[in-house]
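We just call them A, B and C in the order they show up, numbering each chain from 1.
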């Protein structure tokens, strides 16, 4: 369980994240929405210990995040950044196997998990390829497999933080990726995912946090957050919101 | 019994003649120092030299010998291939571990002074003479050397005239000339020949042409590594036309000297160079005395 | 994509090449020794009782000249290659050179000070006097790296990109001070400086070998222990942190390793270019970028290549010898260009 209370972050004397309360609970998937510059990535950086918050502690299993030692924290918490730069010709399975670095579960178990994670990210067919020969979308899926492998299978409430994991993906893989993440949450993992696609967020997340200039504009279920008024106020966008004909979750349509 | 002793005598005789035939082979010497090589040749030791360093450029015949590289970067094994008895060089020889390795390998390493001073030269010549078994010749050469320098000095000073201002330029195909300052052999040559070196800095430095013209030398001594003779002088004036305004060029008082004279310390050719410089500095000085001419 | 060489195959091949290079380095030189004499001399040196007749010369040449030289070559080659791997890991760039953080230029500055102004320094106690040049070069390399590292630190973190820029600026600054010393130098110092900048294994002696061997052993033992951490670092600094690596400590250790390794190698043998750049690159081409393989393989390959270059350097101009830096750069630079052109197509 990852908890932040009254979280605040200052950067160059400016408040970029103000007064955020959140809890990532096992089995739950929290979507973070907001326009560019709303503080989504900064919030994530604070939640994974990359940035020290100026206000309010971040607690991982009731212990402040900065008191965790590196490998132990890494076994509990994995982070997928927006983009990664790797300019060495590692093979796909080597990249994914790096997710197993904090563990000492043995070569055989690591290989199994690597396979599972690659399969979950729909990247099993990339096995044996050099990372440098992959397309942007394929690379993104390989990194997803890497972070999945790091906290696989997620049954002990491991936490996954994802920053726009679908940004480079085609429509099919946007869904397969989020399905894999959903499956991770359903096994007992806790997920926070930053998304730009409101409908994807509505489709896969249990709860949403709508950020506006570093503050929580709204927080709750997709039905509570994805209202025309809120979206107009935060994004300046005129939308219709209707229930999905088959699934019932809100469907956002631009007017 | 008689037969046996005869046999012994014959065998012994063969052996001794064999030894006798082997002994005339001269000692094998390697020289690592330009001026030292010249002195060894001047003392008749050319046949002993089996290798020289890169500063040994004179006489031209030594350049045909195997080269052992630069005197400060000698290679122990390389020198050992020449199977030398003696390695002769100055205290500039190195690196030190290589010299140590050569000593361990049984090479007699003779370290001489590199200083451009006459007493040091005298000591070096004495040692070379002793090594060559030509003490007498060495002493004679050294005496002559001193005497010729003294004679030149006397010849130009007896005119009791103000020394002409001189600059010595070393250039490469005429470009970027460097001026010889204090502590260089060039400076020593100018002074010995009764000139006044207008450059007062240490070592060789690049001067701007403007500064050179400003010093307005009466005589220019030029030395070029790429060309010699009149070509060197022409190249210098072509590359640096401003020099044409100096007194030296206007009065056509530009002398060339061999650049190999300027490296490696005090060599045997320096008195000749001093004389030709003195002639250029004092065109109306009395001719050489007969005594010195005989010594040529 | 051509399949990578299995690590086992690579290590067997490199190990054999390494042993062959050591043997050639002991057996080849301007003085031609019969093969058997070399062998007997080597055996005698390692304590095997052999008949000693006529062995004096062989033992002298092998034991006093070629063996220390071979050891020097092994250590310098291995340390330069390992430092190259460390630097490329630190900068996460396969074309980084160990000189980037200013070690080489600092060492060159130290050497210039020692060569040109050494006489006026003169403060060293007598037993250390012959090592003035090495000590100054080592101190210069460490000093400049420390400054570059210091400039790269901010808020408890080391910015690698700031270090890169600081390294460029410090290299330029060191270059201009070297230029000043060059201007002030007399002809003899000038030539010594020139030769030092080209590197050589000539004049290796046991007394000068020990400090380098110690540093070399430390680097060879320590760096491979951080192989997986280096792998993670290639993903990115924050990625490595999320994988539980103490990135700041790792970077500090890498920089220390490079400074000590390159500093000691340069102090012992002068500037030898391109080994640190080419060898890791070559190894990665053969087997992929996994540091668990790349580190030991680079140490072997670096040592092998440097020995081969040295054999060439000592033979080609005999009885004089070529500075080894000329050989390594002459081979290394075209190879580097080949990689560039190939990588583009």
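Here is the rule we use: a residue touches a chain if its C-beta (ideal position, glycine included) is under 8 Å from a C-beta of that chain, and two chains touch if they have at least 3 such contacts.
What you see is a predicted model; the values in this text were computed from it and never measured.
Shown here, the protein chains touch in a chain-like sequence that does not close on itself. Ranked by distance of CA centroids from chain A, the top chain is B.
For the pair chain A and chain C, the distance between C-alpha centroids works out to 44 Å.
If you average the CA atoms of chain B and of chain C, the two centres end up 39 Å from each other. We define each chain's centre as the mean of its Cα atoms; on that basis chain A and chain B are separated by 81 Å.
Contacts with at least two other chains are made by no residue of chain B.
Only residues 48-50, 69-75, 77-79, 81, 84-91, 94-95, 98-99, 101-102, 129-130, 133, 150 of chain A touch chain C when the two sit together in their complex.
By the touch criterion stated above, chain B contacts chain C in their complex at residues 51, 54, 66-70, 72-82, 92, 94-98, 100-101, 104-105, 183, 202-205, 263. The residues of chain C lying in touch with chain B in their complex are 29-31, 57, 60-61, 64-66, 130, 183, 185-188, 191-192, 195, 200, 202-205, 207-208, 314, 317-321, 323.
Chain C makes touch with chain A in their complex at residues 1, 4, 92-94, 228, 231-232, 234-236, 238-239, 241-246, 284, 288-290.
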